[in-house]
Each structure stands twice: as structure tokens, then as C-alpha cells.
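Notes for the one structure printed next.
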Amino acid sequence: MLLILILALPLAGWLLNGLIGGRLTRRAVGLIGAGSVGLAFAAALLAAQQPAVADGWRVVLWDWIAAGSFSVRLGLLLDRLSAVMVLIVTGVGFLIHVYSAGYMREDPGYSRYFAYLNLFIASMLLLVLGDTLLALFVGWELVGLCSYLLIGFWFDRERAASAGRKAFVVNRIGDAAFLLGMILLALEAGTLELAPLARTAATIAPATVTVITLLLFAGATGKSAQLPLYTWLPDAMEGPTPVSALIHAATMVTAGVYMIARLHPLFARAEMTQTVVAVVGATTAFFAATIALVQWDLKRVLAYSTISQLGYMFLAMGLLAMPAGMFHLTTHAFFKALLFLAAGSVMHAMGGVIDLRRLGGLAGPLRWTMWGFLIGALALAGVPPFAGFFSKDLILEQAFERTQGSALLLVWGLGLLTAFVTAVYITRAAIMTFAPPAAHTGHAQRGHPHEAPSLMLWPMGALAVLSAAGGLLGSQVAGRPLLHSLEQFFTLEAHAAVAPATWLVLLTPAVGLLGIAAGYLLYRGRRQVALGWLGTFFERQWYLEPLYDRVIVGGSRWVGRMLADVVELRVIDGAVNGIGAAVGRAGRSVRAVQTGYVRNYAAAILAGTVLLLGYWLLLR
Amino acid sequence: MNAFIEIIIFGAAAAGALVGAVGIIASAAPVRSALSLLLVLGSLAVLYLLLAAQFIAVLQVIIYAGAIVVLFLFVIMLLHMRTGEGRATKLPRQRPAAMVLAAAFLAVVAAVLRGVPSIPAAVVSEEFGTAQAVGRMLFTTYVLPFELASMVLIVGIIAAVVIGRGPR
Amino acid sequence: MTIPVPYYLALGAVLFTMGALGVLIRRNALVIFMSIELMLNSVNLSFVAYARQLGSLEGQVTVFFVMVIAAVEVVVGLAIIIAIFRSRDTVDIDDVDLLRG
Amino acid sequence: MPSSADLRALTPELIVAGAALAVLVWATFLPPQRQQILRWMSAAALVAAAWEVLVLGAGVPSVFSGMYARDGVTLVLQSAALLGALLALALAGDYVERARLEAGEFYALLLVAALGAMVMAGSRDLIMVFLGLETLSIPLYVLAAFARTDLRSQEAGMKYFLLGAFSTVFFLYGIALVYGVTGSTSLPRLAAASDTLMLRVGLGLLLIGLAFKAAIVPFHAWAPDVYEGAPLPVTAYMSVIAKVGAFAALLRLFPGTLHTQSVQWTGILAALSTLTMILGNLAALRQTSLKRLLAYSSIAHAGFLLIGVASGTTQGASGVAFYLLAYTLMTLGAFALALMVTRRGEEADQIADLTGLASRSPALAGAMTVFMVSLAGLPPTAGFVGKFYVFAAALDAGQTALAIVGVLASVVSAYYYLRVAYTMFSGEPGGDVTFAGDRWVAGALIVAVVGVLALGVFPAPVTAFVQQLEQALR
Amino acid sequence: MRGWPLLSILVFLPVAGAAVAAIVDRRREQAIRWTGLAASLLTLGVVLVIFERFAVGTPAVQFEERAVWIPAAGIAYHLGIDGISLPLVLLTTVIMPLALLSSWSSVGDRVKEFTVSMLVLETALLGTFLSLDLVLFYVFWDAVLIPMYFIIGLWGGPRRVYAAFKFILYTASGSALMLVAIIVLYLQSGPAGARTFDWLALREAPVAMPLQAWLFAAFALAFAIKVPLWPLHTWLPDAHTEAPTPGSVVLAAVLLKMGTYGFLRFLLPLFPEASRRFAPLLVTLAIIGILYGAAVSWAQRDMKRLVAMSSVSHLGFVTLGAFALTVEGLQGSLLQMVNHGISTGGLFLVVGVLYDRTHSRLLDDYGGVAALMPRFAAVATIVMLSSMALPGTNGFVGEFLILLGAFRAAPVYAVVAAGGVILSAVYLLWMYQRVMHGPVAVKERARVVELSRRELVLFVPLIALIFWIGLFPGALLSRSEASIRALVERVEAAR
């Protein structure tokens, strides 16, 4: 019941806001929106305490699809893994709902916004709580839908609408692969239920497992914006900033990581896939970080940062360092949400301006925001004792351990390099935003930049605390509660829990601090540094974006037009019309035979006679 | 009948029929065509006699030569017709095509007729072909068609009345 | 019977063909009609010849009916030709071509 | 001399012939305004004859010294002929009186033509077939030219007559050759004859004569011109009655008499049928005149009908009979409607003249749609069932290609029939076009609509009826 | 009600309604409209009774009715319903009232003729789905053409005449050869006198192979044109584009299903061996259609054309499922027939709503409609998502089962077809954005008003069905399971 309630609360919020929200006051809408998620969070907290969670608490709702030998029921499953996710989703979700109540205060689509947001929470919860892969997939697609709706929330802007569409379509590409992987799994394992997966996975041939996991991972690259399907996430910044914080930083984009964690019995049996995941993760991490270095749009900096950090998580997942990956997922949810909310606060203050070149000097007017941003930035840069340090450090440690002595050590190297770049770009962003001199000459219509209302500040505060102290969840100091719980869940082959070498532990923060220093040196005084040809290379997204745009999008567009204008109209329909025209022409020429002259007709009769008699005589 | 005379008569009648046929289709003036037709009809009447069809021969003279050809001539006079084919033809290809078709038709028929084994003609009685013999058949076995023919004749009358009648 | 029956039949066939030729090449409706009469007569000749060969009177009876029908056809045909001549002042069959297509 | 049994078997023909004479004679004594009586008389005679046909049934295989039969073929095809004549009569009356044609003569000719078709159905001797053919044809020549001051009517009469006479000679020559081979003109004797080249030529020539009457390609060329030129009710009548007569004779001759040699002629008939369907349908595609359209339609249907004959089976024959009934109803129905469309009292035979008929009279438009759908061979109409039967017969006889050509030709035909239907429902009628008909025409229309639908939905009784001809052919 | 000939009542109820509508005075348009609606709703009621009483778990034909029709030719009036026809009958009767209701605004002239045409069409459609005698089936099959021809030709757009003729000639060509095949099937069914057109009997003794292949080809051609399967589809865009809204709705929702229904009802059981042998061919065409239809949709400027081409793509999925020859695929195929009816029918209603307001179908004439008609935008979104097969909607269940079944048959089928999953999002979202999003760009803003109450009523049942089938597909799947399973066994057995 409690489980169902977690899911039902945001759903109810969606229905209420969606159907009658237009007739309610803004206060009521906000209350329903945020309240339902808050209550869901409370319920989740309660549920997570239940002892049943340890072995997987399952509630079956109804038989869903049954055809032939395939059948699947719809149900919910709360175990150690999903509990973490549920708490993140409802918790961070609640904070962002509250923030949104302030941020969106003046928007005409207030109730629609909250309806979408509630639907998103419900979908995300379904994704997390689904007890079958199919239910997970339902949530998976529904969060994609909500993402589409929310990116394109200001649909009267062409760019926002296009960005939403792009997000959906790119995700669909991954989803198609996911779907195929899921179908193959269903056919091989005979079931899509998650609980017995550990058992059934063993019965599938290793090669098949590799295919299944690769397909599923392809789905994850879409949802979690990894190479090569990362391209939608930067564009998704067209949506309202709290949405970016919730969906495109804290929760939805991590679904791919969660999915791999969820299916770890499968991924654990597919070594080739593991390598692919790790390499893709590491590459993406570095790739996105370099791009973040040259972005002028604050939110895009954060977006690429998100992609980069997700790369870390996949790196961890690929190396089967799953607890570490999930830990980073958690801390990242905190500090990245915080960063986004801070960015939102900046936008709020600046009347929507987000271009780093037009900001600056906001340290004064936006003091609280600045502190929030800085905490988030330090966490991101991996500076102790902020949350990011613990998780990132753990990932790099384990990466080194597990790849030591193989060519895969390269991914560790990339991770380390990325940590440096990360520190540089976040320093750059912080300086550009808050350090003097101010590039803006005041905003005539809105007066001077002013601090956000408390409704927005409080959630930022809460997240700041979490970003600062979230590391405790995985720190020896506090007894590693989160990691401990997860390690019990992931029954992978035990890695000898050796204490990492000290130099390794210190390496990551050192690199981070180095990066901060480098960033300060480079960008102090809000210098706009171009990095030469390298900068251009990064800015063009390593020339991947033009490739996608011209070759893939342009190409398929051209194929579509070609088919529609030439093949369809000229060839296929042309053939059909040609037959019709030929019959018509035949009709006309047959009419011409009817000359009107009796003598011609008589000749026809005689000719017919000769032919008929001749034929009959020659007949056997 | 003397065989020699029979051959002469047949030859003359056949020649008359053929000449007449050519006359019909080749004469420029309709009157000559009509007269040629008369020649054909007469020749055929002679041949009918050779074929022991006295009654038919008589009918041929009375109905065909006597009535039908006269009717044709009447109409020709009535309409003051000259050839009616003065101007150049609109269908230049009709004539050669007609020649070819006619030749082909004749070839087909000839081929079949040649292939038929020649059976000697039946021996027939004196009665054969007389008005009594034919008449008896007409009123016994063929009474139904005979009556039906009368209906057709009535149609001929109606046609003459309705269509032959001048404009109102 | 000195002259074999096939001679008559051959003559009939030739006359028939000439009649058909006349129908096809002449433009004067009356002459065309005469050609048809020629064909009819050639058929009659065949009937009579066959009747002689078979020694059956049926052929001759048939000829009787053909004559009756021929007479009626002449009446109908001439009536129509006269009607056409009255309104068009021609009996050239090639000029009777209002209806076509 | 004929016995009383002979005469009894001939009652329907006698009634019709007698009525023709009576109408002709009485017409001269009637004042012009009372000509209606003639219509009633003719109709009564046709009904009586039909009644007699049904009462007499199919039990007398040979009367008048074997000249004539009152068997299944006679029964079924005479019924069709009388139905056609009756409907055509209903259509003609109003027109004849409006156009001030000689009513007595008109009805007499109509009745004699019907008599000719009836005789063709009952003939067991080629001489009778020939006479029947002429009894049928000559009145039609006259009727075609009946509007004697109208150039087009004259031309129609002239063309029909000349070509008709021309083709009749071929038919006669065929009789002569058959007679020469078999020594008889009797059909039963012909059935026993062995296959010789001479016989083939004879039969081929007979076929040509009948094909001309039925408007089968390439002997069809007269039909469109004559249909267009002849007065509308005459066109309607001849489109039906000539088909009935010709197909009656074809059935008697081919599946009826020559069934032992069916390999000989089925191929030829199939070829003719194919040609006819293709040419008839193609030429109809681009017609603008409704009369001419229906002319090509009648050619096309001759092709469909011939499928049943070409199958060479008795099922095919009964299929032809069913098809003839359906054809009679739907074609005369369509003509009835064409008759009702007039422009300032004149015939308005363009398809475009039907524009907007539906808004003036939805019932008429609906009826016409039924006819067009039926002509196109779509269910649930008589036309569909008829085609179904002949196609089934062809397939049963292994003539798959013929059936395929048939169904495809039907599809082509849907185009021009539905164009007519469409025209009625679109647009507004032209100002000077009126739709009117007397009660007779309306009655004929109702009979035709009900008949077409009834034959389409409940064909079983009529199927059973037409199958009575199968015994006669076996 | 036990013992009533429910199926006959079902089939002929609409025609009875048409008769009533025909005698109402033509000036009382509202009365005629209500008559039509009432008749179609009554029909729906009958179907619901049947749906409720339908025995689950048996492949047997139920509510069977049989009567002598043309004994001489072995033709019977034989109706029956099983798990395969039930969903389609339900679909037909659900769509019809909606189509009629939608005509209230889109059809302004000759209301009587229109209503009569639609009701006659419904009878023909129901008859097609319920006939178990091949001739009876053919009669209904062809009878569908006439009313549809008039609906397109009389109430359609500017090129309606061309479209109507193309529709009828194209589809009639296909069915013509099917008629030949039906007759041959009959002739093969036994010695003269013992032949039959009965589906149940013919199913028991499939004809031998070379002939079976030919008959299969003839039937398949007729069905493929109706579906329409690539490359026989070009009648569809024209017919859809020119037809009035209710015509497009019925055409898309129900008429196209006649073809795919034919696959399941006739091709597979009557020609099992040929079906197996030619399945790869049909699947290949289906997959080409999926991708091609989607690609071409994307390049359209005319909304109706776009939706029409999307039908080619969607029905490619249905065909794929059918010829995967697995229970999952066939179940999905059958369900997807219903789904496509709902979603594409809905899309045409959406376009119709827009067209009623602006009289344009061109994407270029729209933009920002969501700002003017938010409630409509929400409705359109749901319909679009259903068409895109988003999980939670009906489309997903069908597409998933089809892909599952296809994957089981041959993985490559599913892999290529999955491309269609992507492309459907591409063109639908593209259309949606062009119409709904961006700055307001419609010409006469004042006329673009929010959905009326009547229009809302149109969409409510569709949306309900979208979610009902999406979440509880068992109601339909369980009813068809036994029939589909028996069908697959039959095809499997014919080796």
C-alpha cells in the first residue's frame, strides 16, 4: 500500500493539476504539486525503513500483457537499489518543486508546469520501482515524454519546441535498441521480471547476453546522454531551469546508470559490454568536459558537465564498481541540482540572461546564490570534504585498481584528466558569473539584479547542505551507510577490499585543486580566453555536431524528400497513373476505329470472317 | 438432256452470271448495275432449271426479275440518280483492303470446297423440284416457317407505309 | 447431270465473293444493296445445287423462304434509302457519317 | 397439317402475332387521342403470352415436325424476351405519343420483333432460326429509322439495315454449307454430324451472323452508331431483344447442339469474348453521350454473356440466361431514366444532362445508381450475380484466363458506370433540363429496380428457374 | 435475448437506420443526424452485449447463424464471430458513431445522403467481418466500395473525383482477382454437387500446393491493396486527403483493417502452406512500408497526407505481426489493428477539427495553435502519443507484441522494423511542432477557438480507449488468444 502510495501521490497531483489546475489559484497549484511529491518523499522514507526492503518488497498490481508464451504483470519492487533512487527522486524532486513554485511564479502555464512535473515524478518512480524490465521501460519512455514536454514548455519559442523534439527523437533511437534488447531478453529468459534475473541470466548463452546488454546500453546512451547520443542534452537547456536541475541533472539522465545497476546480473556476465561501457563512459566524460570548457552559456556548461559526470558513473558501472557508480549518482544529484538551481537564480535575477559574457559581478547582489554555486562547484571539482570528492575519488580509485596492468588503464587516465578539466571549467564558470567586473549595464526594466525569493533559496540551502555533507553517506567517518547497503545488494564477485594507496586517495583532490588554480590563473578578471584551434575544436563538439546535423539529419531529410517527391509521386504513383492513362488512351484510340463509315464496318465484318474461319480451319 | 447442250447452257449461264456480277459492282451508272443484276438473276434461273428446280426457277423470274429489279429501277428513276460517286473517295484505303479481304475469303472457301470429295449427285424423280413437290412440303413440314414468313411480309408493308411515307 | 454439282458451288462462291467486294468498294447505297442481292442469289444457287446433289427438297424450300425475306428486305431497304435521299439529296453511303466515335 | 397439340404449344407466339395484327388494324380506326388503348392491348398480349409461356413450361421437346420446341431453353429465354418487350413497351408509349410517331405501327413492330426473338428461342431447325432472326431484325431496322425525318434516325436505320443484310447473307451461306454437309437444316441432325472442314466453315458463318446481332467484336461496329441514332425507346428495346434472340440461338447452336465438339468452338468463342469485353469497355470509357455509352456497354455485356457460352457447359448456359434477365432489367432501367431526361421536350442524351439529378429527385438518382452499380457488376445487385455465374462456369470449364479478363474488364467498366452515378449526385441541374415520365415509365423503373435488387439479394428462385434450360441442352 | 440472431441484427441494424433516415424530410437535418447517431449507437450496444457474452478461451465460432441462400451454387448466409473478428467488430461500431458525430460540423450539405451512405457502409463493414461464407464475404467486401466512393466523391476536397475513382478502381482491381480465386476455391472443394463456399469447411481441406500458391496470390493481392501494403498504397494518400473528415476516419480506422483482417481470416487458415512460403516476401514489403511510409510522411506538407502515409507505416507493422506467424505477433497484429483504428482515426479527427476552423490542411498555414486551443493541444498530444506507441497507451502493447513476435520469427525483421519506432516519433513530432508550437501563425486567429462540447465528446471515448487498452489489454487479448493460437497451430501443422 505504501509502495502504491508513493507512485499514486504524484499521479494524483498530475491529474488534479492537469484537469482542473486551470481553475485553481496558483497557491493551490503549487501546494498540490510540491505537496504531493513531499508526501511521496515521506512515504518513501517510511517505506525504506521496512525490513522487507532488504530482500526486495514486491507488490503486484495486475496482469498486463499476455500473448502466446509471453506474459508480464505490472508490479512494484522496492529493494536496496530502488530505495536509494526513490529517495533521490522524491527528495530532490520535492526540493525542486518548492523552488519551482517561486521560480515559475509569473508564468502563465503554472498549472501545466506542475502537472508535467508531477507526471515526471510519477514516471520516474515507475521507472525506479517497476518490478519488470517492461515496467521500467514504460517509465523510461514516460520520463522521456515529460522531458519532451518540459523542454518544450515554452513552446511558442521555436528553439524550445525543436529542442524538445530533438530530445525525444534522439532518445527514441536509444529506446528502439532498448526495446530490441528487452525483447531478446524476454525470448531468452522467458520473463522480464527483475527479481529472478540473477537466476535466469545464468541460463542465457554468453554471446546472447553480450548482444542483449549492448542493446540495452545503447538505450542508456540515449537516456543518459552518452556518446554518441549525447547531443540532445545541451539543447534541452531551453526548458525551465528547475526542469534542467531535476530531469537533466539529478534524476532522469541517470536512468541509464540505474538500469545497468538494476540488470547487473546480466552486465556482470558480459565482459565485452563492460569494456564498451567503461570506454564510452570515460570518453564521454573527457569529451563533454572539454566542451564545457568553451561554452558561453552557463546552463550549457552545466549540461556538458552533467554529461561528463554521467560518463564517470558509466565508467564505474562498466568496471562493475557499481556501488561507487551509484554513490556518485547520488552526490551528483545533490551538487548538480544545486548548481542548476543557482544558475536558475542567476537567470531569475538577470531577466533570463545566461550568457557568461554578459554576467559578472553578481557576488554582491546574489550572495546566497553565489555561496550555493560555490559549494556545488567545489563538490563538482572533487575538493574535500564536499560530497563530490568522496564519490569521484572512489570511482577513480576503483578504476585504477581494476584496470591496473591492462590497456584499460587508459580509462583511469582519462578520468583523471577529466577531473582536472572539470575543475578548470567550473572555476571559469564561477568567475565569469560572480566575479567583477559586471558586464551588464543594469536592466532598465527590472532594476538591479536582486536575490531570489526565499521559496527558491531554501531548497538551494538544503541542497547545499547535502552537497557539502553528502559525502558522509560513503565516508568511513560515518560508517559508509549508503555504500554498505549497496554492497550488500550487488552480489558481484567480491573484490578484495584493500585499502587504497594513499597517493591514490590524494591524487584526485590534488588534480581538482590544480584545476581550480589553473582556472583561476586563466580566467581571473573574467578574461575571455580563446584556446586557439583547440577551442574551436571543442566548441564544434569535436566536429560531431556538424556531422550529425549535415550527414545524418540532413541526409535522412533528403532521403525523405526524395522518396516523397520522386519515388512516391513519379515512380510508384506514376506507374499507377500510367496504367490509368494507358487505359484511357486505349479507349480513345478504340473510339477512333469507330469511323462512322458503313463500308469500314462491312470491311471489319469481312475481315473478322476471314480471320475467324481461317483460325477455325487451322485448328486441330 | 444432251450432255453437250447442257455444258453449253451451263457455260453460257455461268458466264452470264459472272459478267452480270462484274457489271453490278463495276458500273458507274446505277441503272447499268440494275440491269446487270437482271442478267445475273436470269442466268441463275437457267442454272436452277439445270438443277431440277423448276419451281424455284419460276419464282426467280417472277419475284426477283419481275418484282425486285423493277423496284430497283423504279427507285433509280424516282431519285434521278446519277452515279452518286462523283467526288474523290474519303476512304482511299478501302478499295485495296477490300480486294485483299475478298481474295482471302475466296481462298478460304475455295480451299474448303476443293477438299470436299465429289459425291455423285443423287438420282431424283421427275417430281423433284416441281411446284407440287415444293408446295407440299411448304404446307406440311414447313408450315410453321411459312406462316412466320407472312409475318415478315407484314413488316415489309409497315415499313413501306411508315418510312416510305413522305414528310408530314 | 453432266455438270458436277461442285461447279455450281464454285460459281456460287465466286458470285458471293464478288457481291461482298461490291459491298465494300461501292459508295452508292443502291448499288451496295444490289451487291447484297447478288450475294443472296449466290447462296440460293448453293442451296439449289446442294438440294440437287442430296436429292432433298429442303434446299429448295429454303430458297423459297430466302426469296420472301429478300423481297421484304428490298422493300425496307429501298424505303430507307428513299428517306435518306429525301433529306440529304444523296445516296453516297460515305456521306452518311453523322454518327461515329 | 399442324395438330392441336402443335398449336397449343404455340399459344404464346400466336398471342403475340395476333396482337401485332390486331394493333395494326385497330390503329387505323382509332382517333389519335385514344392511341393509349393500343398500349394497353400490346401490354395485355405480352402479359398473356408470358403467362402462357410459364403455364406451358418445358415439357414439349418437339412440335411442328421437329421444327420447334417448347423446352427449357424456350421457356427461359422467351420469358426474358417477353420481360424485355414489356418493359420496353412501357418505356416507349410516352415517347411515341410525345414524338407523334405512328403508334399502331410502332407497337406492331415491337410485337413482331418480340415474336422473332421468341421464335429464335424455340427453333430446332436452322430455317426457323433464320426466319426468327429476320422476324426479329427487320422490325428493328424499321424501328431504328422510325423517326423518318430525323437525320440521325435515318442514318441509324440505313447502317443497321445494310450491315444487317450483309451479315444475314453470311448466316445464310452458313446454313447452305451446313445443309450441304449434313443434308438437313435440323439441329438434332447437325448434332450427329462429324467434324469436317466444310462444317466448320458453315458453323463459322452461322456464328458470324449471330455475333452480328449480339454485337460481338469485330461484328459490333453498327451498334454504337445505331444506338445513338435510333429513337431512345427503340435503342432501349433493341439493346435487349436482339441480345436475347441472338444468345438464344447461340445457346441452341453451341452448347445445345454441338456439345460433343466443344473443344472446337470454345476457344473461338473465348477469343471473341475477350476481344469484345476489352474493346467494349475501353471504348465506353470516354463517351459523353449516355446512349452511346450504353451502346458500348451493351457490347461489353455481350462479351460477358459470351463467357457463359464459351464455357461450353450447361451451367454456363444457365448463367447466360440469368445474366440476360439481369441485363434486361438493368439496361432497360438505365434507359428508362435516360428517357425521363429531356431538354425542352427533346431527347437529352448527354451524361452531363444528368448533373444534379439527385437534388431534383433523389429516388430517380438512387434507382439509376442501382442500375449503374449492377451494370458494373458490383454486389448486391443482379449484375454481380450474373457475372458470378458466368465466371464460375468459365472457371469450372478451365477457362481461367477468360475469367480473369472478365473480372478485370468489369473493373474498367466500373469507371464509366460510376462516372454516370457520380454526375447525378454532383452539382446542380441545368435550367432547361427536366426529368419527367408517365406512370408507365415509373412502373418500369420500379420493376427494374426491384428486380435488380431482388435478383442480387435473393437470386435463388430465379437461379432455379433458369436452370430449367439445362436439361434441354444436355 | 437468448436465441436471437444477434449477428444478423448487428449487421442490418445500421441499414435499418439508413432506411429510417431516408424517409425523414431532408430539410430536418438535425433529425437525420440524430437518427444516424442513434442507429450507430444502438449497433454499438448490440456489440457490447456480444462482447460481454463472448466465451473466452475457445477458438470456436460463436453466435453462429446459417441459412440457405443460393443452394444451387453452394452459397449460404453464414455469419459467425470469433476472437479474430470480435475486436474489429467492436472497433467498427465504436468508430462509426464518432465519425457520424464528427460529420455534424464537417458535412453541411446533403446530410441525408451522407448519413445513409455512412450507415450502409457500416452494414457492409460489419458484414465483411462477420461473413463465414466466401461469397457472402465478397458481397459485403465489394459493397463497401460504393458508399465509400460516394463519401469521397461527393463530400471530399478539390480533387475528390480523381481520388474517388482511384480508390474504387484500385481496390476493385484487387478484389476482382480474389473473386476468381474464391470461385476456384469452390470448384476445388469437391465433386460437383458437394462443393462449398463455407469457410469452416474450406479451412479443413486446404488445396494442394501449386494451386494454393496462385490462390494465395490472388487473395493476397486484394488484401494487400486494401491494407495497403507497399508499393500498392498510392490510392490511400489521395483518398484520405480528399475524403471529408468522417470519411477519412472510417477509411483509416476500419476500411484498411479489411485487408489485414483478410490476412488473418483467409490467407493464413485457407492457404497455410503458401502463407508460410510467402511470409518472407510479405514481411519484406511490410518492413519496406514501415520505413518508407514514415520517411515519406516526414516530407509531407499536407497534414492529411502525412497521416495517410503514416498509416502505410503502421499497417506495415500489422502485416509484419501477421506474417511473423507466431502467437505473439498475431495477437499484436490484431490488437494493433484496433489501435491504429483508434489512434489514426483520432489523428484524422484532430486534423478535422483544425480544418473546420481554418479550411486548410497545409502545415505552413499553422503554428502556435496550442496557445489558442490548450485543451485541444492536450487531446492531440495523447492521440499522437498513442500513434507513436508510447508505453501506457494502446499502441505500445500492439507494437511491442508485434516486435516480439517478429523477433521470434527472425530477429532481423524486428531489428529493421524498430527503425519505424524511431521514425514515427520523427514525423509525428515534426507535424505536432509545426502545427501546435512556435509563435501563433494561423491566418484568422478569431476562428481558431477551443474545442466545443460536441468535439470534446468525440475525443473522450478515444482517449478512454487509448488508456484502457494501454493499461488493460487483457480484455481484448484474452478474447482473441484462443482463436489466434488455433490459427498458428493450423499454419504450423501445414508443412
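Which chain is which? They are A, B, C, D and E, in the order written, and residues in each are numbered from 1.
Just so we're on the same page, contacts are C-beta pairs under 8 Å (C-beta built on N, C-alpha and C of every residue); 3 or more make two chains touch, one makes a residue touch a chain.
Keep in mind the model is a prediction, meaning the values are calculated, not measured.
Colleague: What are the chains that chain B and chain C both touch?
Modeller: A, D
Colleague: Count the smallest number of chain-to-chain hops linking chain C with chain E, moving only between touching chains.
Modeller: Tracing touching chains, the least step count from chain C to chain E comes to 2.
Colleague: Which chains, if any, touch chain C and chain D both?
Modeller: A, B
Colleague: By CA centroid distance, what chain is farthest from chain C?
Modeller: Most distant chain from chain C: A.
Colleague: Which chain has its Cα centroid closest to the overall Cα centroid?
Modeller: E
Colleague: Tell me which chain's centre, taken as the mean of its C-alpha atoms, is farthest from chain B.
Modeller: Chain centre farthest from chain B's centre: A.
Colleague: Report the inter-chain centroid distance for chain B and chain E in whole angstrom, where each centroid is the mean of the CA atoms.
Modeller: 70
Colleague: Can you check how far apart chain A and chain D are, centre to centre, with Cα atoms defining each centre and the answer in Å?
Modeller: Distance between chain centres: 78 Å.
Colleague: Where the CA atoms of chain A average out and where those of chain B average out, how many Å apart are those spots?
Modeller: The answer is 102 Å.
Colleague: Measure off the straight-line distance from the CA centroid of chain B to the CA centroid of chain D, and report it in whole Å.
Modeller: That pair's centroid distance is 31 Å.
Colleague: Listing for chain E: what residues touch at least two other chains?
Modeller: Counting only residues that touch two or more other chains, chain E contributes 169.
Colleague: At which residue positions does chain D touch at least two other chains?
Modeller: Correct list: 127, 131, 134, 138, 141-142, 145, 148-149, 157-159, 162, 166, 197, 201, 224-225, 287, 412.
Colleague: Quick check on chain C: which residues sit in contact with 2+ other chains?
Modeller: 9, 16, 19-20, 23-25, 27, 29, 32-33, 53-54, 58, 61, 65, 69, 72, 76, 79-81, 83, 93-94, 96-101
Colleague: Throw together a list of every chain pair that touches.
Modeller: Every touching chain pair, ordered by label, is A-B, A-C, A-D, A-E, B-C, B-D, C-D, D-E.
Colleague: Spell out the residues on chain E that touch chain A in their complex, using ranges where they run on.
Modeller: Per the stated touch rule, the residues are 166, 169-170, 231, 233-235, 292, 295-296, 298-300, 309, 326-328, 331-332, 368, 370-371, 374, 378, 381, 385, 390-392, 396-397, 400-401, 403-405, 407-408, 411, 414-415, 418-419, 421-422, 425-426, 429-430, 433, 436-440, 471-474, 477-478, 481, 484-485, 488.
Colleague: Can you list the residues on chain E that touch chain D in the complex?
Modeller: Checking each residue of chain E against chain D gives 26, 68-73, 110, 112-113, 135, 138-140, 142-143, 145-146, 149-150, 153-154, 161, 164-165, 168-169, 172-173, 176-177, 179-180, 183-184, 186-187.
Colleague: Taking the touch rule as given, give the residues of chain A at its contact with chain D in the complex, in rising order.
Modeller: Interface residues on the chain A side: 583-584, 586-588, 590-591, 593-594, 596, 598, 600-602, 604-605, 607-609, 612-613, 615-617, 619.
Colleague: For the complex, give me every residue of chain A touching chain C.
Modeller: Within the complex, chain A touches chain C at residues 591-592, 594-599, 602-603, 606.
Colleague: Could you pull out which chain D residues touch chain A in their complex?
Modeller: 158-159, 162-163, 166-167, 170, 197, 200-201, 203-205, 207-208, 212, 217-219, 221-222, 224-225, 264-265, 267-268, 271-272, 279, 282-287, 412
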